[in-house]
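Each chain carries a letter (A, B, C, D, E and F) given by its place in the written order, and its residues are counted from 1.
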Amino acid sequence: MINPKYGGTMTLFKPIDDKKASVKVKKIFNKIKKERKIKVISNFWRTIANDPNTLERTWNSLCQIMRKGALNQLTKELLYIAVSMTNSCEYCIRSHAAAAKKKGMTDKMLKELIAVVGLANETNRLVESYQVEVDDYLK
Amino acid sequence: MINPKYGGTMTLFKPIDDKKASVKVKKIFNKIKKERKIKVISNFWRTIANDPNTLERTWNSLCQIMRKGALNQLTKELLYIAVSMTNSCEYCIRSHAAAAKKKGMTDKMLKELIAVVGLANETNRLVESYQVEVDDYLK
Amino acid sequence: MINPKYGGTMTLFKPIDDKKASVKVKKIFNKIKKERKIKVISNFWRTIANDPNTLERTWNSLCQIMRKGALNQLTKELLYIAVSMTNSCEYCIRSHAAAAKKKGMTDKMLKELIAVVGLANETNRLVESYQVEVDDYLK
Amino acid sequence: MINPKYGGTMTLFKPIDDKKASVKVKKIFNKIKKERKIKVISNFWRTIANDPNTLERTWNSLCQIMRKGALNQLTKELLYIAVSMTNSCEYCIRSHAAAAKKKGMTDKMLKELIAVVGLANETNRLVESYQVEVDDYLK
Amino acid sequence: MINPKYGGTMTLFKPIDDKKASVKVKKIFNKIKKERKIKVISNFWRTIANDPNTLERTWNSLCQIMRKGALNQLTKELLYIAVSMTNSCEYCIRSHAAAAKKKGMTDKMLKELIAVVGLANETNRLVESYQVEVDDYLK
Amino acid sequence: MINPKYGGTMTLFKPIDDKKASVKVKKIFNKIKKERKIKVISNFWRTIANDPNTLERTWNSLCQIMRKGALNQLTKELLYIAVSMTNSCEYCIRSHAAAAKKKGMTDKMLKELIAVVGLANETNRLVESYQVEVDDYLK
């Protein structure tokens, strides 16, 4: 759609709903619903579904990386939130906070997580500002 | 020290060793040594000691925030590392990885942490790139 | 609150108003009102008040760091704004611009500040892109 | 305008429309309209027009940097988008995606661009997380 | 290795050479050598090989994303460099600049790329600093 | 230079010295020397001189933006340092700290600046983490 006054065009992608989804996308949506035990796919998956390869790759990476390993699933969600807060990604903060709550995150845990994120961001900058040299024993 | 050729001056701060430390700084160094059961203060504390207020405030914040609460100390160290990796702070990555190891972090845990950090940084950007809208149920 | 359709839960914190505030929080709110000569606490303090320790620590740090020293209070507010612009933190840009105006920042000063922020962000990236080596006289 | 209840003042700048524009600003607006073949100036130029020097300098830099050279104009727009996605700048993503579409960017190209941006952000963090050393042959 | 004086432990991972590589890692190294027509694996792959899953996933993602599509391979490398410059990742700047050169990037192209990266980083901050509102026609 | 073993090529730019400088570059180097009252050009200017347009544009922007206006030159240097610390740009931190010292920055001022940078980076993240809403009076 072109707006001749500005010479502009609408540019970004809309979420894809179940009806418009291709066979490949529908198949992945069904995997997500089954694995997550949910009935409605969230905007993240619907929107990246505009590129079925990215949808598939991201879902597969997520399944492989976020499953229980040496770290449990809750800890992994907390790490996800901490990174998303540092990057100021509202969507990821909200969606992974929801996911973490389902895995047992309490409000008290979230508040402590935020305090650590705040402190780490402060000391990261202190280190750069003072140009602190790496100690020999840390190399 | 002025280098007249460049018109430049050396500018940043050097780590403060025990001998040059003021009474206030020495007192905090002693607290750190006692609390951490170490004999030598690392460059981070020695360098920010150029500003005794920052040294004191940072040490007090760290003690308050990183102690066991709803989250255990190891989880807090892992979060610290995840933030530091996202901010590319080598010193903080190395020093908190050392701290986390003392609290039980295994190599396998660190590798899984890194995989989460990588994935979160990727999907944070996918969300921004596709301008994914926050779902109503997440607001 | 659980939305069974999505399996989601609302997750983040609401601002705390005077009525719901604990004794500890109320005490700090009163300090802020007195110090700032205001009648209504802003959303920043109300929201981080969900974690009274974070509220107290942040208020104390702010008082210690932002008071007149070798740098005057206006210069410190300008620095705060410059960091917040670099981190794209709308709330902090707006609230510290308001604070700076009360301390004497004119529109002309804000425009010049923004020009410096823009230029510094550009040249920071030029340095990284060209991998400029630190001159000997700067070490 | 001062709100005495909060002690606050409205702080940031409004877009400047054609009527309020100074002679210098009007002249640059006309250049933009002519060069871009558009009738209405977008909010970016109208807002930075609060500082006519910044408006002039930015427009001149843009003309010099974004014109066809060893890289064609479309490639330059794609690079602009990739940086803006990495910095989470919604305005710049949307406006340069519109500009790129006018220069021939297809939806398929934009999706591939986003996939590269996601991957690069992931591997950038893997490099920092693992503290990968630069190979000798790359120095 | 523990240094009792500091209470520290060496923490991060060393690159894995061909001799120490597991069967799975060796197989992927061979794929990389064949695909890239090189005899020696670079530090990036050797270091992330400490986590064979991450090695495999990253290599597969890279092959899928960076192959010729609607964008050619050179353009994709240029986008990779632009992101890496914005994130200040020296390793990725150097390695992808080397890769881009093999695909035809000239010095002139790299200089123009850097100019775009610098400008985009500046205007991204101008947008945030002035809090420019998204025009209706861009939504 | 190609290293056939790795298939790599050396890629980035070297600083340009007075002898190799083109007429255009030499002219700008002379302006810098005169304006700055220095005898040797620093690596930043020598390296970006690989692209004479970038050299000229950056020097002109710097002269226009960093000259005394509503803000004095020292305050502008302090803002530059604060941005560079937030972006972890060692070169810019060091070179602008040197420039600020020549304009009157004391060690005490630099320490206070760093404390503000640390605090702002912490509270920027607290705002994002708690998703603090902008107060009506700030809009």
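What we mean here is this: a contact is a pair of C-beta atoms (placed from the backbone, for glycine too) under 8 Å apart; a residue touches a chain by one contact, two chains touch by 3 or more.
A quick note: this is a predicted structure, and the numbers were derived from the prediction, not measured.
Q: Quick one: which chains contact subunit C and subunit D both?
A: A, B, E, F
Q: In terms of residue numbering, is the interface formed by subunit E and subunit F classified as same (over half shared) or different (under half shared)?
A: Mostly different residues: under half of the interface numbers shared.
Q: If I rank B-F and A-F by number of C-beta contact pairs, which comes first?
A: A-F
Q: Name the chain whose C-alpha centroid is most distant from the C-alpha centroid of subunit A.
A: Ranked by distance of C-alpha centres from subunit A, the top chain is F.
Q: On a C-alpha centroid basis, what's the spacing between subunit D and subunit F, in Å?
A: Chain centres of subunit D and subunit F, defined by C-alpha means, are spaced 20 Å apart.
Q: Report, in whole Å, the distance between the mean C-alpha point of subunit C and the mean C-alpha point of subunit E.
A: 33
Q: Could you work out how far the Cα centre of subunit B sits from that of subunit E, in whole Å?
A: Distance between chain centres: 25 Å.
Q: Residues touching two or more other chains, restricted to subunit D: which are they?
A: 5-6, 8, 10-13, 42, 50, 53-54, 61, 86-90, 93-94, 98, 111-112, 114-115, 117-119, 121-124, 126, 128, 130-131, 135, 137-139 - these are the residues of subunit D that touch more than one other chain.
Q: Does the chain-touch network form a line, ring, star, complete graph or other?
A: Contact pattern: complete, every chain touching every other.
Q: Of all residues in subunit C, which touch subunit E in the complex?
A: These residues of subunit C touch subunit E: 85-86, 88, 90, 93-94, 114, 117-119, 121-126, 128-131.
Q: Please give the residue numbers of subunit F that touch subunit C in the complex, ascending.
A: Answer in residue numbers: 12-13, 15, 42-44, 47-48, 50, 54, 58, 61-62, 65-66, 69-71, 75-76, 78-80, 82-84, 86-87, 89-92, 94-95, 98, 106, 108-109, 111-113, 115-117, 119-124, 126-128, 130-135, 137-139.
Q: Spell out the part of subunit A that touches subunit E in their complex, as residue ranges.
A: For subunit A paired with subunit E, touching residues are 3, 5-6, 8, 10-11, 53, 57, 61, 64, 135, 137-139.
Q: Report the residues of subunit B in contact with subunit F in the complex, numbered from low to high.
A: Where subunit B meets subunit F, its residues are 5-13, 50-51, 53-54, 87-89.
Q: Using the touch rule from the top, collect the residues of subunit B that touch subunit E in their complex.
A: So the residues of subunit B touching subunit E come out as 36-40, 42, 88, 93-94, 97-98, 101-102, 107, 110-112, 114-115, 118.
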